[in-house]
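The block underneath contains the structure these notes are about, expressed in structure tokens.
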Amino acid sequence: MKETVYTVRVEFGDCDPARIVWFPNFFRWIDAASRDFFVQCGVPSWSETEKTLGVIGTPLVDTQAKFMRTATYGDTLAIHAGIAEWRSKSFVQRYRVMKGDEPILECNEVRIFAGRREDGSIFALPIPQPIRALCE
Amino acid sequence: MKETVYTVRVEFGDCDPARIVWFPNFFRWIDAASRDFFVQCGVPSWSETEKTLGVIGTPLVDTQAKFMRTATYGDTLAIHAGIAEWRSKSFVQRYRVMKGDEPILECNEVRIFAGRREDGSIFALPIPQPIRALCE
Amino acid sequence: MKETVYTVRVEFGDCDPARIVWFPNFFRWIDAASRDFFVQCGVPSWSETEKTLGVIGTPLVDTQAKFMRTATYGDTLAIHAGIAEWRSKSFVQRYRVMKGDEPILECNEVRIFAGRREDGSIFALPIPQPIRALCE
Amino acid sequence: MKETVYTVRVEFGDCDPARIVWFPNFFRWIDAASRDFFVQCGVPSWSETEKTLGVIGTPLVDTQAKFMRTATYGDTLAIHAGIAEWRSKSFVQRYRVMKGDEPILECNEVRIFAGRREDGSIFALPIPQPIRALCE
């Protein structure tokens, strides 16, 4: 499994009155790490793939996250990202958020490669082989 | 199961370049709906319960969300919240995000009632009966 | 001057480790109050005005804000919004954020009605009279 | 004037349906650049200075920002920060947000060094000379 690392510096404003990261911010960073994974694997931008493959992005269908330790401002977090499973019309993207050697959070997402219909609605495309080839 | 409803108006800035709600914003609203549930049930503020019960809040341990339909700016969302299960040292808080009759998202969280140790770290308290009595 | 009121409930996650609203959140709410002003005045959606007047929105050119008192979670804020000045190709939108009778923040923005060129860049349109007529 | 540079990578979720950075996000980054300036100058953490100098942080009193060009995801921004003026009980922190050679935004803030009274309210301290010495 190809794995990329996306680095985050936790800022004061990312933390809540309990002085720990307010959890929705972890999802902000995970979403950035998701896209960063494809960029690092060499997948062109979604505006490019829209023209070539009809893929406008990878919207989220399902997410499951386990919060193991808290983080606070001043911390640097490394988000390890990879694709754990390829299905016919979706894939599982997996993340481990680490603070040094300490696991902070684990997350598994189901995402799709989305196309857009003429009426603006989106739908799941079969996994595009050129993208899969770059990411495995 | 006692259920409360927290209302959200989706704003332009909550949406991403795909013109749909950027998913981390759903978690912002769910966290607000979580606290709102306790407020509506009559549970005092956490600064109050810290003095009386040692409870400083309800940090998240695990979350699972299923994204069923997209939402965009101009939409009004109703977040239905309740506690689906009481365990010995944790509880399952359940949410359904609705746009009129359409389900947008379902979410199940495991949260704890947290106390704070002298060194600043937090730990799971047994479910405080006075709080449970208000929320059932 | 026509004035609208946009109401905000401050949530736990809007506050920082100093237990007060983290200031960028005030700009989130002011941006929502800006658009809400036009909606309440009867201006159609920007996707509608794009077709009829070429107006795709009201991007911000300049903002000045004075922070007078802090706010925290549990507070309800009323954001009063109006247009204080019409210029040839821009306008000044003015806000007062109130907590009951207490002023929390005052803000003056310069915004434009934007059109989009074929290359995707945006530019300032002369003030569209049909919109001005609704907002005065 | 001592100047520091804080680097930001603009992510998909930082952008709005107009495909440009939603402006409140610039204030998120500027706030991070403000604190980063003090860290890079060698000022200890605010929890440290609270014990030694009574300084709990540098809350914002006034901000003025001029938006010159838009930015979008994929862009890397350099936020140059420095203190442009020292007053008796406040200071002016200045920022230039650059995308390569292009200016994106300029911002001037008035901030104070805050102490906290016994009732929890905050007030402006005279500029602490040990901090000023590190930052000039």
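As written, the chain order gives the labels A, B, C and D, with residue 1 at the start of each chain.
By definition in this document, a contact is a pair of C-beta atoms (placed from the backbone, for glycine too) under 8 Å apart; a residue touches a chain by one contact, two chains touch by 3 or more.
Which chain is which protein? Per UniProt: A, B, C, D = Acyl-CoA thioesterase.
Since we're looking at a predicted model, the values are computed, not measured.
A.B. asks: Is the C-beta contact count larger for A-B or for B-C?
C.D. replies: By number of C-beta pairs in contact, A-B is the larger.
A.B. asks: For the copies chain A (Acyl-CoA thioesterase) and chain C (Acyl-CoA thioesterase), give the interface type as same if over half of its residue numbers appear on both sides, and as different if under half do.
C.D. replies: same
A.B. asks: Could you tell me which chain lies farthest from chain A (Acyl-CoA thioesterase) when each chain's centre is the average position of its Cα atoms?
C.D. replies: So the farthest one, by centre of C-alpha atoms, is C.
A.B. asks: Using Cα averages as centroids, what's the distance between chain A (Acyl-CoA thioesterase) and chain C (Acyl-CoA thioesterase) in whole Å?
C.D. replies: 32
A.B. asks: Starting from the mean Cα coordinates of chain A (Acyl-CoA thioesterase) and chain B (Acyl-CoA thioesterase), work out the distance between those two points in Å.
C.D. replies: So the centre of chain A (Acyl-CoA thioesterase) lies 23 Å away from the centre of chain B (Acyl-CoA thioesterase).
A.B. asks: Which integer distance in Å separates the CA centroid of chain B (Acyl-CoA thioesterase) from that of chain C (Acyl-CoA thioesterase)?
C.D. replies: Chain centres of chain B (Acyl-CoA thioesterase) and chain C (Acyl-CoA thioesterase), defined by C-alpha means, are spaced 29 Å apart.
A.B. asks: Mind pulling the chain D (Acyl-CoA thioesterase) residues that touch 2 or more other chains?
C.D. replies: In chain D (Acyl-CoA thioesterase), the residues touching two or more other chains are 12-13, 22, 24, 28, 31.
A.B. asks: Graph of touching chains, which shape: line, ring, star, complete, other?
C.D. replies: Shape of the chain contacts: complete, all pairs touching.
A.B. asks: Please name which positions on chain C (Acyl-CoA thioesterase) make contact with chain D (Acyl-CoA thioesterase) in the complex.
C.D. replies: It comes out as residues 18, 20, 22-25, 27-28, 31, 56-57, 59-67, 70, 122.
A.B. asks: Help me check something: in the complex, which residues belonging to chain B (Acyl-CoA thioesterase) touch chain D (Acyl-CoA thioesterase)?
C.D. replies: 12-13, 15-17, 19, 22, 24, 73
A.B. asks: Where on chain D (Acyl-CoA thioesterase) does chain A (Acyl-CoA thioesterase) make contact in their complex?
C.D. replies: 11-13, 28, 31-32, 35, 45, 74
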